[in-house]
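Several structures are given next for inspection.
What follows is a pair of complexes built around subunit A, which joins subunit B in one and subunit C in the other.
And now, the complex of A and B:
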């Protein structure tokens, strides 16, 4: 590993290990997400069973919708719900002054920390959810409510790549929120507005494919699709062949765009930053 | 001073405190409103595609959805003290001070905060309810209004009871257990749809263990003048919300037991 990257990987590793210590939080999160997932599965099953004709026309099947639901619950904290709470704390307490004094690029440093914070929270939840929805639920005889395997080997591999891009994109969006927090010195307002946008446009409320047809091209192209919807579509084969490249390309495009915007905005904010505290 | 007057005084102080930051209060309320409004977008999209869910129309589902949200928002207004009880009262030892005052613990914790921002959810629930009544074309009589208010009161009691139980657990666990949110927020989420769409075991759990069905399903079936698809007799609807009050009574009994077992963590 090159010496230039070392401070960032060290920041990532340290935050990852620290966040991983919160086992009770991970268990509580898992229990909540299991309840939510089970509820949604029952609701989808009822909708699909109520209207067989509409269900046959639906762009994704019930089995795929259920798998999508479990993936969404497993990777819930991989989505950009909030600004990094430690950035909010740093700008309010004046701790941001230390970050500015470090001989590293502040954007890169915060980005690495945000990524680690997300990954460490998602890892235990995703493992527990996969074990439950993909293994235990079928063993209980609820096969039709379970998390199914991917559409094929290629889909599975592309899903892993897409999930990685989703993490990078999500961290880039969190960095935009962090910049807003640093500019406004207040995370509450930023989080209040970020959460509804994320929940709606990532596909968390319902899979984006189930919204009316007229919105579909726009829904796929907007950036939040990249944090959940695109990986899911690749997983069950909704995006296959060239579609996979389109999905991955969209994720990469939005990631690069947001990193560039975030960097520029952060340097402007930092030029005018007043360090709080005393 | 009577208990009710004291609670009103505490609420007044809490409201004045929040109004010191009017922009923040307005934004939090707006955020609550937006977050809950977006949920309904998903419901609308599913009905747009599938038309109905097990014989229930969008309008009817909106009536279920609106009523349970109103009930929950009212419970949420006054139970903040119990919500944060573990982390801010037990862990810090602040509950010692509460015990020293010559007033009941429940009264003091209810008076802890009156969360204005929760009116965002009330507004959304009310909007969805009105929309639901319009869309479903349900005949809405004076009796229905009374039943709706009774269901809301029962629901408020039930959700308050759940938060009190969650706080009671903190006497043993010290930290607030967020897992209990599964039953409050998760229960509201479940009750957004008529409970007849769920699996039987799940419906039984929500009727006999945590009686959300009694405050958010059976009375609404009666309001909508529908026969219950799960086969409950007609008298159940108007009587069922009583279960919410019974649940709160049991929770308060458990709370008193917990207070008796309290050992301070303070130094």
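And now, the complex of A and C:
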């Protein structure tokens, strides 16, 4: 580990461990996401069964839609729909002053912490969801409602890479929210706006492939697809061969773009920072 | 070349204002009104290596703003600052690695982490070599008597314990300059003494330059050889503390208990501050009314039971000083 990176990796590790302590929150979150996932699976099953002719021509099959739903539920907290609450608190209490006293790049420092916060919440929920939907549900004889394996070994490996990029992209989007929170001194408004946009355009509500044909290129190219929809398409083989590179490339492109925008915006906000009182 | 150089520092905050009441809130939606608050209007001073400087002034005078600019958190609107040859807000990362800062009203330790984990994390953030860190940490733990607190989460510490831990955490990277913004606020007497004792030692034995702000005049009296009084964003005085005391208020207080009812005293140059029953409290300037002469005169005219003299409290000295300069709370 290089000395330059040490502050960031230390902050990441500390935040990961601290966040992982919230076991009750993880269990409650998992229970809600399982319940909600089951509900959505049944709705999709009823929906596909009610129109067999249309279902046969659907851009993704019922089995893939169900697996998509379980992946979406497992990685729900990868959605960048909340600014980092630590940043909100630091901005409200003036603790942001202490962040500026550290001999580190503030953007990198906050990014590492946001990433750790996200990963520590994703990890337990994803493991529990995979164990339930991919192992327990089939064992209960509900095979057609279960989380199926990926399209192939290559798809599975590319999915893992894509998921990693999704986490980096998501943290970059959270950083944009953090900068907005730092500029407006209010996290509630930012979160209220981010939530619907994120879950709609990431494919969390409905897989993006199920939207009208005409929208498809735009839906794939917009940044939120990289948070969930692109990893899922790679998993099913919807994006295969060169398509995988296209998907990963889009994720990387948006991540780099948002990091650059976030950095520029944060340095502007910090230059006109006002820390009053005390 | 002084270690800290501050010239003509100017900082103005924009404060959003709202008319009172519901109608005011609605108007505020349509048109925001801002008021400019001049926190600093040309502050200049300099500090040599190893000095211990006290910064005093009423609330809102600009003390904290100055510290925040010196520590690289805020960018001033105008003026020049150099600390060890660096401009804090331009060379922020390099600069903050060399200074330690404690804000008495905030915490830099992680609320849910044991103290020692917070120290470890700070050492990593400041890239302190592990061996050097352990040595430094053990030294600070011994000096600030933190052994029994190390494994407690910060949220369980008392304010006095927390402040000792805060001060240790600001020094883990061995800074050569320490900024303390109201380090004794809210502490009880023993905790204040512990903090003062440690700061003094740090300054005397380790040569750390210290700049501290406070409202507690005993902090200043115990620590600072030099005092800057700031008010309304300007430096009102920059002098040794004793000079400040002598120049601003040479007044003495004479408390006299008479054997009978206290008489009506009319003595030129002497003000009767209080008269109740057998006691009076007099105020006078020993330069114009010599103390022995005054005592002799009173004792000759009236049967006296007891007499004692006091100097006004330093709080009063300072309050008087603020008044003279029109520097009441902004």
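As a working rule, the second predicted complex is superposed on the first by the 276 of 278 C-alpha atoms of A that agree within 3 Å, B and C clash if a C-alpha of one lies under 4 Å from a C-alpha of the other, contacts with A are read in each partner's own complex, and residues count from 1 in each chain.
Keep in mind that, in the parts below, contacts are C-beta pairs under 8 Å (C-beta built on N, C-alpha and C of every residue); 3 or more make two chains touch, one makes a residue touch a chain.
Because the structure is predicted, anything quoted here is derived from the model rather than measured.
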item: Side-by-side fit of subunit B and subunit C on subunit A, or clash; value: fit
item: Which of subunit B and subunit C A:206 touches, first, second, both or neither; value: first
item: Partner chain in contact with A:192 - subunit B first, subunit C second, else both or neither; value: first
item: First, second, both or neither for A:253, with subunit B first and subunit C second; value: neither
item: Partner chain in contact with A:95 - subunit B first, subunit C second, else both or neither; value: second
item: Partner chain(s) touched by A:39 [first = subunit B, second = subunit C, both, neither]; value: first
item: Partner chain in contact with A:14 - subunit B first, subunit C second, else both or neither; value: second
item: C-alpha centroid angle, subunit C to subunit B via subunit A, nearest 10°; value: 90
item: Smallest distance from any CA atom of subunit C to any CA atom of subunit B, in Å, after fitting; value: 6
item: Overlapping contact positions on subunit A, where the subunit C interface meets the subunit B interface; value: none
item: Subunit A residues within the subunit C interface of the complex; value: 3, 6-7, 9-11, 14, 18, 21, 93-95, 97-98, 100-105, 271-278
item: Residue numbers on subunit C that touch subunit A, as the complex places them; value: 13-14, 64, 68, 71-75, 92-94, 96-97, 99, 101, 103-108, 110, 112-113, 117, 120-121, 124-127, 181-182
item: Contacting residues of subunit A [partner subunit B, same complex]; value: 24-25, 27-28, 31-32, 35-36, 39, 42-43, 46-51, 54-55, 58, 188-189, 192-193, 195-196, 199-200, 205-206, 210-212
item: Residues of subunit B touching subunit A in the complex; value: 24, 27-28, 30-31, 34-35, 38-39, 41-42, 45-46, 48-55, 175, 177-179, 181-182, 186, 189-190, 193, 197-199, 202
